[in-house]
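To start, the structure under review is shown below, and the notes come after it.
Chain IDs A, B, C and D follow the sequence of writing; residue 1 opens each chain.
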């Protein structure tokens, strides 16, 4: 069966199935979305493209953006970034402060909030126009110039972002933030507020299926080794304390966000993005997880 | 460059390089080994075989055996085993008791000691002649009848195995051990005491590179889905709190033991085993880690 | 109002009040007790004695015995014992293993199970006939020769004592137990199994109200400083993670046990013991806590 | 020997003894002090007063002020405050965030930073002119009108107070801070910046030796029960993770600050204050701890 038929078939199954998830409510603005939205987009290295449902609708990508900021920092600073954060799964939830205390302010990996905040600090330190430069980086990856931050979402998150303010100041107290915490947080909330569609996400992640080469611009964004390593990190740490479950059931490197988006990469092959805003208890899209589990089972295309 | 030349080349590099590791001393009997031992064995689905150094020398496989006991329990009881343990990386060291307390006696995954002890308990509950049956299972996987437990090693570990006694009784106190803790521990120490060579290890893991099919006996040991899932678990949890690092640097599912052995699987392709007894600070073979990192870099054959 | 009237009055109030506690069920044999039992006994340095209710009925004193074992070890080994355990409140429950891991096998204080197990190990190491010698020590403190271990209770606890087996072996794995863990645990369960009445308890704790002098035998059991220090430890650590609450509401050093007994000491003045088997959520006697809170409020005799 | 002679004698001993402590450096402004400063002041309920050394020199009282803010909040809101924080020792250091996460934003007690921040929030919510009102409260307790905040110290602490910013925002994220975190922190730093001498401290704590009655104004600041309870809290929680040690060695309720001050109360009898800026590893005055241990040993006047 071809990819498009498999996707269509599973899309229909999952669309009808009961969804026990809940739309994220901790950022008030995130509630302004149709909870029944559901879209899929598939982009292969071999140019095959296929989308279904709300695959063209822009949503708040939230933590999926952590892959972009890590990629940019990694391309700029190389292996030096690992002096300031680790590459291990945390075994705890995405916004935990516990390990930071025992680890003296060194976040376990770049995909928990603490790690992404350190990556944000690195970007501020080495980019003069960081807000602009980061946006350009994502636009180039996706080949879409209209991608932008959402001021509404950023403001909404900042107004209630006490946990992230705590995280950033806590790390600063250990000396692992160079810039002013408020500046770091403002940029962090901006990055999280990016709005993209499944189509744009799949296209912008293709460089990770393609050994670091951006197929739209033909630029080598990351070395092959760096690209491989980011995929490894998505595999072990991309879904917070459900990372093992995702590897176990889906078997692809990937990254989720509380906006309900999930991007999964089959290195050397393709990228597939799913969006559905209702989240399971671990904060990952309920339908997105279901879809991807069925997809790799039926397509027999996990990396394991 | 062909596999055998790559292996030979890296073997020589690593053999000469400084080894900062230390032979595990917590089991006294493990010290009776030549610390400079170093062997590699490569087995591919396509029948290619290549060994170098001490690849035919039997050593104590220790925690590598956890993949065998998990596979046997999984084949016997199916998904039911996941009611009694999880599939998430722990973020802590292999013999930690901390998470067990907060997780009410449910080990995070089958590759930390706590999880392997629960798997051992499952085997005892469903196999009448469990010592014999487990051994037969491993012999069939490897195609080698002479594989056996080492009474010396088992007795040596038991005599100082206070931490594992603590783990087993702690789990029992939460009701997640069915059998007598002493019986469970005796069998657990037996399983860890298996002695195998790199050649035997690579051959016995081939079913995991081969979608669950034992190529020696042509038996389907695990379903394709189960085989995929064990590979995923090795990827996320196979190296304790260095699992992320191994995925990051090596990029293959694998499992290590304090005897200095490491087995890595490239699903659909091959298995490679390394043995060198001196361990790094995380308890994984110092040279083994170095060899495998170079191997996937130069062969360009990680799964990511 | 004199002590006897105050006690009688509060006894009647509390006897009638609703008791939301539950008899400890984790040691099966402990359930063989009348859950409505309630007794009080007051012994003052000035010879005043007063008892009411089931004050002459022997019950399982359980962790109250930890004060006896600490006192004996302290009298034998002096300040050396503090090399092997601390004097700080743990902030966690009585049988937690978490802190032991971060504290490398050094228990926080002698009144959590871990600490009492270390004290038991110390007694075994320095007393040739430790079972007999400990019993004689308690008999002398109380002036009652008939006090004894309960084999029934000890056997019942041992049969399900997995958590304590875990604790003891865990500490042993850090090198902080000298003797065989099984021998240590057998004696530990014996110590916990002591059966005494409120009257016997109050009389046997008088040396702590009396600067270390046993008023029955006129022997100096502990130095003044040691006696003061044990009272301080009971104040800060005597009620597990309800120690602060007990200091806050009752304001006396004291020690509780899961058999439902509580002994409280007013240094320089008196000892008061309460027994009622139904326990609150923290494992302390529900009625016992109520009685003592009212008692120090109405008698205006807390140490604060 | 009379109190003044005992104090004089121990003062001389400790003054000459080696001091392994270090002046707190985390607040830059605190370094502007003579590290060899050493003063004592004793105030008894019976009007006896005695001071020696730098007992009249004003220093930054820092966390000693937490007793004042707790007393004011307790007097204003009564037992309601315990809905928002606990009365248990934490078993962890003064600025730990770990327990807050497991305890869902409810600080263990009012003397760790987290708890004092919640108390500060309570004061802001119920006092229209909180900065002024709090100062008046302390002035009345001490009978000294010149007591004041130090803007220099407050500004200096605020500039590097990342850990406290983290704590306050973390608690806010759990909903246990009512006001704006920045306003709460500003007032919190003000409270910590109070400057007082040993003499002023001893006199201002007399109400806690006197069942809640301010002897200077003859006002009942707290009820007898409240006064007793604050003493109990100082006993179990006044010295962070050295609280058990202080009870054990000194045997009096007390409170320390990183400015090097310690106040200890003997309920019903006296207050004694010590100041010496060099701190031990736990953040308590090195000489202050030594002095008080010797003082209660030689005066035989601990509460135990």
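Rule of thumb we're sticking to: contacts are C-beta pairs under 8 Å (C-beta built on N, C-alpha and C of every residue); 3 or more make two chains touch, one makes a residue touch a chain.
None of these values were measured; they are calculated from a predicted model.
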{"item": "Chain B to chain D, fewest steps along touching chains", "value": "2"}
{"item": "Repeat of the A-B interface, chosen from A-D, C-D or B-C (over half of contact pairs identical by residue number)", "value": "C-D"}
{"item": "Chain whose mean Cα position lies farthest from chain C", "value": "A"}
{"item": "Interface with more contacting C-beta pairs, comparing C-D to A-D", "value": "C-D"}
{"item": "Centroid spacing, where centroids are CA-atom means, of chain C and chain D in whole angstrom", "value": "32"}
{"item": "For chain A paired with chain D, centre-to-centre distance based on mean C-alpha positions, whole Å", "value": "47"}
{"item": "Overlap residues in chain D, where contacts from two or more other chains coincide", "value": "none"}
{"item": "Chains touching one another, given as label pairs in label order", "value": "A-B, A-D, B-C, C-D"}
{"item": "Residue numbers on chain A that touch chain B, as the complex places them", "value": "86-92, 99, 108-109, 224-225, 227-229, 231-233, 235-237, 241-245, 247-249, 251, 253, 267, 297, 300, 302-304"}
{"item": "Residues of chain A defined as touching chain D within the complex", "value": "96-98, 100-102, 162-163, 165-170, 172-173, 181"}
